[in-house]
Each structure stands twice: as structure tokens, then as C-alpha cells.
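In order of appearance the chains are A, B, C and D, and numbering begins at 1 in each one.
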């Protein structure tokens, strides 16, 4: 596996330069685009990695899975009163559907849906950001994982589009806490810094019927695990979810920091990272690496 | 398995009466809503069935898979010049997205996408309806399968919405043949009459890396098979694809005749049929039966 | 007045070359773009003209006023069961609003609305095209006015977008006659050939409380006349109606043949023609000429 | 005139009870729905009134005209860099068009457009609310006119939908000042309390080529006056502007407090007030009164 990972990184490395590092905030735009790392973690606890797998990056939207899992943990099926689990067919930050569907986001992986999840968590936790950080530290087995406050501040200053979504949902009665507070927490989740190894380990429970091997915790039931994977499979990669299913065939979640996690149910969790994004906002080289990996090992669930 | 199928049918039978038989044309509206059948076909060629598995019904949108497979067969990746493989996030017959995206349908399982696929097949086959019928007969191993011309005529008289979609695509240059001819052929595919056993057998190649056991044909390559399954998983159940993934966890395709097919990769193909539909246009009892079946046997790919 | 018209034509003539002649069909694209004419007709029957006022051109969407007036004539307020009289806020050929509003066009001057009006007229007249032609001949006092069948055939071949609109309305039950027949008649109205003088005379009744001076006919009641002018003022220039009100301040109607008619209630009817169009599909030089004219004489109704 | 106004109020009074007082905030919902007043002010300075013309009410969106006039006063044509003057074809608070058109509102009379105008005024005035209040006092010739702070507070608490619009525009770079500050000022303008007489007098300059008789000020140039009236005519009554032109035929502006002002260019300014609204958010009885008045005196500009 180790050899295969190295081989694949070399194969996709020539694609570096074809994408574009997210630059809507300086803290992201500063990241050198040529970095490339991968980590694979097996249900037996074996770890394989290659390239810049030890370099931490901003997880961004990958954190939407963590907050969803937390919300399912304390509220279960009740959360679907507030949002759906259907693909949106719209860009991740669109308000159009939100207005037509009266403030109910399509799924937890578009921004509006993740904001509702944060609003749900806000009502449950006294200190939502600390709860989240500690949860992720346990999942990854790494007590050093931290929030990058420089990124939080920068995101908050550029909060306009997300603020619009939150206020629009509030106008329909689907937002219960103070908008500015929830936005700040939402940006804190996005600003978690983790590396490929952290993320592969943190997602291992989704490949293992909800059980996290190194922490020894049952994070979700087996059925809930399948459900989270199903939502990742249909809505995890913005408006490229169909293409990811077509090319890679695995549940996955991407972030504009350039990370993509994928789950091979019953076998592996994977994280690939390369900061340059394609037009849909997903790591261009990361997609290519996962496609090759999935084909070589026959990982597609389909 | 046989016993399990019977048991499941009995469990879901009380739901009959909660849905509504499609009645936009009399030929469909006449079908008694209380019918319920299921068939499971294994990669080893074993057949299990229960209920009204021998009663033929109108396959309707399930035929969209057959026409897609034919188009991939002769044109391969080229077809994606003309349409996408992303979930649409819109009702199956919406023209809104089609206008915004300049006549390019999101995927082959919404009506507009299936019409483009029919247009592609029209350019390839001298007798597209006969080709399709014969292809389906071979897949199902049943030379009796036929098109119900009463349904075709009735659909054609109610063609307005589909005609609008086809002409809109033509206005963007994404429709090459005579609209009325292609519409008539499209309705002929939808009007194929098959029973649960026929459909379970006809879909077996999608569970078997593209190989159809009883005909001995390699219908698609292994990779193409995964791709078709991926599209079914993200777009196969109208605007309820996310919910089907969440509840059932399998690639599937439904039709307003009340049939739903599902694929358990590497193991089984399934068809359940019950004519009453839910609000999203999918068989209400069929969904429930597949959910139970998937849970009991642990079939979810996620 | 005659001198003023000449002066204004010279002032705007330098703008020729900045617009673009409609070229979606060859019969329109062939027209030399440098032509420019104007005619003003007073309620006292005086005619003033300048430039190419005697050259006939394709009236195109200006005919939508004639068919609306015919429909009001025989059906009165009943027509508003089938369409509205609100500005659409969308391009003239958009289907988006038509789908959201279940097949009811916003007003009679977008294509969908004009098609519904033609459908209404089709149900009333044995020979709708002849009725229309004779009506326009009487209004203009010119028995030579004719339909250009070369344009009709060409438009019919490029009917896809309008066919899509008509079928979409049919799918909602808001289209009663054969789509292809009504489309053909609709294109015949658009293909009327008239010159600036014909059009200024044909619109004189709208400046004169519904009374056509030269034919001696009361075409509409005084109240209906104000209503037609109101619809022209809010919806007469595609998605530039607000700008026309802002710059010119008169009820008006444009066509992609480059003609614009305007009504000075109680005083004059005007037609200006110059084939080059701006981005909104209105005559670029014609708009400028009407703006100058309106300012110089203080014609704005506001 | 006095007699006619009384007569018309009696004719429309039976319609009271068919509309619904705005109740999205208590301060508006408390207003008794049966009130009805009207005032007409001539360019010669004569005042005619009937019914509850002396009772003050919340002007709400009628204030959008005052802020537009202020903005034109200091910035002239430059404001059209930031918004349009086309009818929107959408409800007054829709974000859909705002997203599609990248944060540029269609016109100054939908909420988003009025917010941009407030943002422009915010950049110009040290104390925008005081400037506005004093401007309106001068226009109406009434130094008692004041802002109802109970309404301001209540609107601010229900600001979610307007906040969403402002943040969405900010995300596109079309909002320059602090959102919360501008929102508060916007609500202060809306919360001006004036009666029919105040409003008829305050709008007299729009009937009089920009000259305010009692203050002796030239508020706008003659040309700017026509332009403001044109925008009122095409966009002044939410998504019922076309209907208002059709039925009344005058430039007008309505507010959810139940007031409607109308301008008879060269002759009169009018204000009618009745708190019950129709489905489009305009005073139901007020519309009927203006329609009768316009027909009886032949006021339609068309």
C-alpha cells in the first residue's frame, strides 16, 4: 500500500499548477499550492502515508461531517425536522433554493445546512467550539489539534454570504440562536488545523460501523454510520457529488483547504490533500489521486 | 431468502392505501393499487420471488437505464458532451435548470436527460424501438417482452411537458433529430411491459461487473458498470435519491408504474413493484420493502 | 416638426454601427443596418416623417399589440383569465417564470403571452392570419400591407424556443389549439411588412381614445385604450421597459426588426426604425431618437 | 373635489373587511383596519380631503421615494452604478434575483434597492435619519413629523429578511457601510408617522416639475422629476405595478402601513390610506379609491 500511495502521488503530481488555491481570505491564499499528501488508515489500525501527510492544513468544510455526527449523537433523527438529506443541485452557497424551500436547507453539507447543524449544536452545548475540538481530538487521537484563530477572524470578516444565509433561515423561523455567535463558531470548526493522518484516523469510525478503534468509542450506531456515508456519497462534494461517485465511487467530503476524505466501508478511511482547487471547489489533484487509488484497488462501492 | 421476501411483503402490505396510483394517463390509472410483488436474482443465477412477481407492469422510467446502457455501449464517454451525471435537485420534469444551463440536462434519469439519450440512440439505430426491445428481451431472457401501444398512444397525447423539454434543448442545439419521432420512441421505451422477475434478471449485469449470466454477454465493462451504478445511486429516484441512499443504501431506479429496481453490487439484483406512489413519484410500499430488505440482510453499500 | 425630425435623425445617426442586426434567421440578418427612418402622426391627421420612413421592414413583436387589441375586441376582460398584465422581470423568451407560475404568462408582450393571445384568437377566427392582416390594413389605411412568407418559413424552422413555451403552457392546460398551427400564425403576424408611416398611422387610435381617424372606427373604448397603453408602458420593451419609461416616458412597443412605436396620449403616434439592436433586443438608434424627441418636445407622460 | 372625495370614500367603504392589516410586527398589527382617509393637493396649493385624512400612520415603503430623491439630489445619475430602474417581476423581499444578478437590485423600490439607497445616503450624511426627517418635514411643511421608535425597534427585531438581503449584497461588494447601522436607519425612515395631508403635500413637487410650492424649493430638476415618476409607474407597487398602471394609470408608491401616494403630473398629488392590505401588500380599499378617482376625473396619464 505504501508503495502504491507513493506511485499514485507521482502519477498525479504533474497536474499541480492546473488548479487554483482558494484565495478569498489571505490565510488560505498563502498556502503553497504544490503540496501533496495522502494517508490511508485500515480498520485493523494500520496507517499508510506518502508525501506531505504530516503537514497540517485548514479542514474547512470537512468539519461539516464532525458537526453533523455530533448533532446526530445528541439529537438523532430529530435533526431532519430542520434540514434534508437530498443533493441540492446548486452551488454550495446559493440562497435560491433556500428561499424557494422556505429556509430549509437541502442537506448538512451545503453551507446553509451546516449552519443549521451549528445552530442545533449551539442549543445543546455550553461551549460548542471546545466540545467540537475535543471531539475531533479524540477521534483523531491527537490532543494537539487546534483552531487557527487567524483563519477564524479572517473568515468572520468575510462572513457576508454566510450571514445572508443564516438571516434568511432566521426569517423563516429555522435559526434559533444569535446569528453572529453561531457564525463565529461555524468558522471555528472550519478553521481546525489537521493533517492527512489526523483526518484519516478521525474518519475511521465511518469505515468501521461507527466504532473508533483507537479511542475505543462507538461514535454512531451501524445504521447511523451507513446514513452519514450515504449523505456524503450523494452530497459530499458540493455540486460535483455525482462526478465523485462516477469517478471514485466512495462516500467523501471535501474542503476548500484542499483536503478530501473518503470512506471505504468495512475497510479503510483515506485523506488526500493538495491545496489547488478545480472549478467546483474541490482539490483538483486530490480528486485525481482518489480516482486512481479507487480504480487500482477496486474500492468503488458500486 | 424466499421466506424473508414473503415476510417483508406481509410487513409492508398494511401501507397499501397510503399512496396514489399514477393517473395522468388512463392506461396507468386503471392498474389496481393493491398489487405487490418482489423478485431477487443472485449472481449465481438463483431466483427468489414473492407476491405478484409474475404480473407485468409498465416499466416507465426504469427504461431510462436500458437506453443509457445502449448509448454507453455505442458511444462511450462521448455522451457526456451532451448531458451531465450530477443530481439535479429539481423535479424530474423541470425546465428551469435546463434553461439556466443552456439546454444541457443534469443527468440521464431526469426526463430531459433521457430524451437526449433517446436522441443519441436515434442517430445510431435504424429502428431504435426494435433495438431497445430486443436488447431488453436478451437482458431479461424473455422473448415475450413487448411494448404496450395503448400506453404509447396515451403518453403521446399527453406529451406536452416532454415536448417542451425537447424543443427547449433543440433551441440550444442539443437535440438533433425530429422531436416528435424521438418523443414517440421515448414513450415506447417507457411502455415496455415487464414483471418483477424480468426486471431483476435484466438488471443482473449491473450486479455482476457488466456480465449477463443467462445471455452470456458482457454488456458493459466493469468500470462502466460501476459508473452506471454510481449515477443510479445519486440520481435514480427523482428528487428522492438522497433519501433512497439514506434509507436503502443501494443504486436504484424507479418508474411511475410503481416498479423499483435496485442493485447489490457483486451479489444481487432486485425488483419490487407496487403501483401506489408517494409524493416524490416513487412506489411507497416498494421503498418500504427495499428499506426492510436492505436492513435485514445488511445490503447497504455504505 | 418635420425639421425637428430631420435634426434628430442627424444627431443619432453617428450611433449606427454600435448595435447589431438580429441574425437568428437569414431573412432578418440580410437587412442593411444603416437604415434609419421616423414618422409622427398627429391626432389631427398630420403626418411628419424623415429618413427611411417609406421603407418597409418586419414588424416582429410590434404585432403583439395588434393581436392583443383584436383579443380585447372580441373577448374583453376575459383574456386576463389566461395571462397577466405585470412586467415579467425576465428575458422575453424565458420559460422559468412560466414554469413557476404554472403556465400563465406574465403579460401579452413576452412571447409566451403573445402565444396565448394567438391561441385565444385562433379559437375565435376562422382565418386568423387573414383577419389580422385585414385589421392592420384598415388601421394603417394601406391595403398593400402583406405577410412576408419567406420570414414565416424561416421563423417556423427556428420555432424551437417558442414551441417549448407553447407546449409548456399546454401541459398546464393553458393552450387550447394545435401548437404547430398557432405557432405558424404567430410567425405570420410577426412577419407583417410595414414602414414607419404605416405603423405611426396604425397606432394612432391609441393616442386618440381608441378612435382611428382615417378609418373612422372606434377600435377600443377610451378605458381599454388607456389599459393597452398602460401595459405597453410597463411591459412593452422586453426587459428594458423601466429604462424606456425612464428615458422616453411614453407607452411603446419594439420589435427585433428594429422598429419601435410610441404613443403620446391625446396627441401623437410615432414610429422610429433602425435595424441595429442593443443588448436588450431594442433598436439602439431608435431608443436614442425617441429619447431626444421626447425631451425636446416634453412628451413624457410623467 | 371635496364632494367627490367623500362620495368615493363612501363607495369603497364596503370593501373594508376584505383585506388584512399587516401584522408581522405588533406596532402595525394594532392599527384599526376600518380607517380610511384621502387628501388631494393641487399644483395651485389647494388642499382637499375626506375621512381620516388627519390621522397619522406609518409610511413604511413610501419613504423609499424620499430616500431615492435625497440620493438623486447629492449623487445624480451615479446611483445607477449600484442598482437598476427596471421592474423586478419578483416579490419585494426576494433574494433570488439578487443572487442571479450578483447583488445588484433591480430598482430602488424593492427592499434590496432601498437598502442600497440607504447605504449610499449613509456614506454622504453624518446623521442620515435626522437629514431624512428634516427633509420630509420641509417637503410636507410640517415640523411635527417624527419617527416612531417603537416601530423602529420592532422592525429591527424582525430584521432577518432585510439583513439577509444586505449581507448578500455585501458579499458581492455592493454594500459599503455597517449592515446593522444601515438597517436601523432604513427602519427609521419606514417608521416616519405622517397623515394623508402630510404625504399629499410632501409629494407635490413630483406633480410640479420638481418644485415644492410651500417650501419654495426646487427639489429635483424637471427631467429628474419625470424619471422618479417613471420609476414609480413601473415599480412603485411591488409586484402589482402593472395592475396599478392598468387600473389607475398614475405613478404611485404604496407602503404596508396602508398608504398609497399617487402623482397626477402637472396637476395634483394624492394620498389615500386604509390599513387593510390585499395579497400583493397594497391597501385594498386604497387601490379601489384611486381607481374610481382616476376614472371619474380622467387622470390616467395613458
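Please note the rule applied: contacts are C-beta pairs under 8 Å (C-beta built on N, C-alpha and C of every residue); 3 or more make two chains touch, one makes a residue touch a chain.
Here the structure is a predicted model, which is why all the values come from computation and not from measurement.
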Strictly by the touch rule at the top, which chains does subunit B share as contacts with subunit D? A, C
At the largest C-alpha centroid distance from subunit C we find chain A
Can you compute the centre-to-centre distance for subunit A and subunit C, using the mean CA position of each chain? Integer Å is fine. 55
From the C-alpha centre of subunit B to that of subunit C, how far is it in Å? 47
Whole-angstrom distance, CA centroid of subunit A to CA centroid of subunit B, is 32
Of all residues in subunit C, the ones touching two or more other chains: none
Each pair of chains that touches, named by its two labels: A-B, A-D, B-C, C-D
Seen from subunit A, its contact residues with subunit D in the complex are 94-96, 99-100, 159-161, 163-168, 170-171, 175, 179
Over in the complex, which subunit D residues touch subunit C? Could you list them? 84-90, 97, 106-107, 223, 225-227, 229-231, 233-235, 239-243, 245-246, 249, 251, 265, 295, 300-302
